[in-house]
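Chain naming follows the written order as A, B, C, D, E and F, and within any one chain the residues start at number 1.
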């Protein structure tokens, strides 16, 4: 019944390859089905200006998409001179999600920037970016700890994200583009490895939804995120 | 226990004054406690370019804040040459929420732009903008129907929004600035007059949250939105 | 003979309500007929960079108009990414006018920014902004003096402005939109409470004018500004 | 008593050389003392979009200054990505002034753009731009009339401009930079060949002024503009 | 003597993998040593506006670099709101180079955009982009010919590019970053499969160069481009 | 055979007038046929931030073109809000070329900005800008040496530039607009007074070129630059 033939609760195949960008302090290429995102972590030894002399660190994120990651070419944001609203919304979400899993005192006055660049898109790019971005972050933090500059692990738990939605009246997990563009309701759940909620964003695109449906989506999300966390562990 | 002395489930006083901008097809000044938002609806007799010849209408929104709506002056976005990420995120949310309550076939090929300008801010500006924006939209649509250019009511139901969050470990509704800046988790619920969900955005700012807490917040939101819808009805 | 039925030398009804924005150091809502402008004064305890270590203060102004302040909706300047030439010209004028009434040595190394946001427009918005802006400035300066941080009053005199023009061949004062859009010549006179000139801007829009007409317009302006100064005094 | 030794009513030497830009429909290099402005007129055979099918023509102006036209280098506006408020204000003034002398029905549906680029600045650049810009306009219109595409002369009269101000307590005409930077009040008068007023802009920079002083400045301006018009005639 | 131990005339290992972006009409990942560039070709069935009704096609290129493609993170151009001069210069070069190998009449009124995004940088990114970009272009054109919409092959010959320079006084080919940052003179040679010159850009960065050195560099470039063309052939 | 009747190796008449901008530390108006460029050198007593405390100086350049320097009016870059790719490419070239002739240690921690503004264009503006820009630079450096603040001459040699190309199958030097717009190949050679190469940029616009043609173009360039250097010497 799903265009891909998947079961309602079935994720697409996940692959996470680490160490793909030689200059970055941490990096991975995450593939969730045909959605491919390159994630890198860049470390700076000073915090952003607004955190100077607070003892706190910062994790932020930027998101981009190659012009031909999608079916028809999108205009390059660097050329058009501004990031689209969608891009800004997504990168704010990624940064917020990752920070929710960080002990900023333990990190200390430094900044880690996670760049998530979509090489190929087939739905769910922001979730893949969060899941892969956390892996890049983990690798960069490992480097800091190995070097002894950070002694308490600043990462409190895994952070991963999955999309859910109501497609053809049924709750489904990990929507691909074919589903995403037709879903009446869809959104994203970001959770920790322990299954605590970090962010819930569920939005009616064509049809409002009930509290019961909300509950079904949360069930799907819990199971989905657990699989993604397992994939993160396997990759590291 | 709340800084304002309110009960956990108590909204701030709500006032909605209509017809405050003589040029607009619909307008209101909504006050939710010390948060004041001026909302206007502007009608154009043609749809945006991407809907030409589709028979569908469009509702969109823009959001702004006067530089001194807040405790310290913010730089005017028109002067800095770009809207902040926060502004873009909010106005996309308002537009999406209002469109979820619109029958775009019944509206026909025309566009209604809802401008929400915050005159004074004390937390919850985006929820006030949605609740007040719907009133402006309703008034503009009434005008269209009275003029006979639209015959089926394109508004399917009321749309209203309330913030909820976890403050000092307790679930609370309609956070003011003092609470908002300290809440571990907060977000917004947008619902219809019939209590269906349009958008759920819940985000851990300092502490992750459990599914039980999510349920408590949804309960608060349902009751809060019902009060807001009653206020919309009273104002019209 | 005037569209509004006013006499040639008759101003529109003036109302100035103070203290309308709780966060601002000074604020008022000025209504000149159907032209409504919200004015606020924001104080910063340091001067702009170019005045550092000079002992001099600064007063500056910014001007904006809500998109639906006018008969048809104007594009939001924050969204279009730049302020229009008209906006820039007006806010430079407001700042220059208010500074002409300030003893910048007495003010000391601090800056006051006057924000003038047009809620509803019906001609003469820049004059209303100057007249109302001065009231907001006066209130903010009162606060500084009450706190004892400024001891000599930095405001030398009232500053107020009125438009004049030649409409249907006759000199008229305080043009509303209907007159403004048809006037052959129009402009603004900014004067002190003592009747000294601060700025004269008279411009032929459709027909050049003679020195005799210039004299008649100056006569109208003197009487008009005197009334506005009286309204400022009444409001304070 | 003036830094240059000039009498109160004495203009700087004026030179207007025509035909200095081979591609332009009309051009001149105007020198008013050490202020040198290159003016060109560019003709387009269609009006700006807002005048399509109205039968009316348009004259507009743009103003620029070479980075090293002044004593210290100014940042190039093309490099900084926006025109300064001062630039925008000046070019709007030039366009408005020149249009006041044009019969837009006689011009017909075409546009003439006057570019005024300051090669060297020593005060009074906007007045030199108007006076020289009119010469470039006259030459371009002559070409149109010679070609027979315009049969009634669209230029109603000469347009020229002179600055006046109060320097060291005395009314003076045609201020150079040394005077301009010290004047308590200064501004510009734009007039026709017949001595009718087009625009009066007089502004207190450091000291307010009286109606009597305003009268003295108008007297100086009348005489000054007459000399400039004579120079325009001599150049053509 | 070269940091990498290569001989003066020795290129780095070249790998060209085709078909790496499923949505694009043509794509490849080119690796020249540690320099990795993702190239895609996007086809539009209409030419750019300036070629409408001319019968001619167009090939253009855009260039980007992921923020962490380099040793230290570069600011994302989309976020800074403009492309750097270096980026603009490079993408103009790529487009010009590829067009030199295209029969624009045979291509017909359509446009092909080549996006070259540097995933990892180690010197010579613009040459890799041209060499890989031509492969993507070839694949897209093959698709057009297979579909029968283009009947005469619009690609006149291979186009490939190699950098050359004077490093430690010796002429070398295909500089990596270590050499590039120290070279006294360096530049790029773009040539056809038949060895004809398309573009020569040689520039003294620290030391001027003689005609004899120019000749030596041309010799190195001829041999280098021949190898690159062989790699293109092998990949297709 | 050339549109101008010139011989293949014949430059256009050259004139270099110095001291044309009274505020600049060095300036000239260079005319190469109908191409006229105003060049000024502006000295700042501190280096750009990236050279602070290195002991090195900097020479940079900016390029502009008056809107009506060309046959049809170009949009003013300051008004459009960004410099075109062509402008950026040219000013980077001018700066690079001039720096190649500068001993930056001898110059010391100061910056000289060369502004090249094209008053009238007829092909070869970037070459004229380099040749004239060097004269302005020479004059500014002379001033520094005369003042004794620089004691070793930081200018190593003359720098001048000439365009060459293949027009109607023949190699020609110093292309005017009529040739430039038709040439199959064209480009620029920048050389020192001693005939050493600084930059070679040769580009196929319509037809690729051979090594033999490259050699012929280099011969023409050597002779052409020698003439330009002689003109620089005569002007100083």
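Convention: a residue touches a chain if its C-beta (ideal position, glycine included) is under 8 Å from a C-beta of that chain, and two chains touch if they have at least 3 such contacts.
Keep in mind the model is a prediction, meaning the values are calculated, not measured.
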- Sorted by label, the chains bordering both chain B and chain C are none
- Task: If you line up contacts by residue number, which pair in A-B, C-D or B-C shares over half of them with A-E? Let me know.
- Result: B-C
- Item | Between E-F and D-F, the pair with more C-beta contacts | D-F
- Item | Averaged-CA centre spacing for the pair chain F and chain E, given as whole angstrom | 27
- Gap in Å, rounded to a whole number, between the CA centres of chain F and chain A: 51
- Message: Using mean CA coordinates as chain centres, what's the gap between chain C and chain E in Å?
- Response: 59
- Which residue numbers or ranges of chain B touch two or more of the other chains? 81-82
- Message: Chain contact topology under the given definition, line, ring, star, complete or other?
- Response: ring
- Item | Going round from chain A, first to chain B: chain order | A, B, C, D, F, E
- Would you pull the chain B residues touching chain C in the complex into a rising list? 21-24, 27, 34, 38, 40, 42, 44, 62, 64, 66-73, 76-79, 81-83, 87, 113, 115, 117, 119-120
- Query: Which positions of chain D touch chain C when the two form their complex?
  - Reply: 82, 85, 88-89, 92, 96, 100, 187, 192, 196-205, 208-211, 214, 218
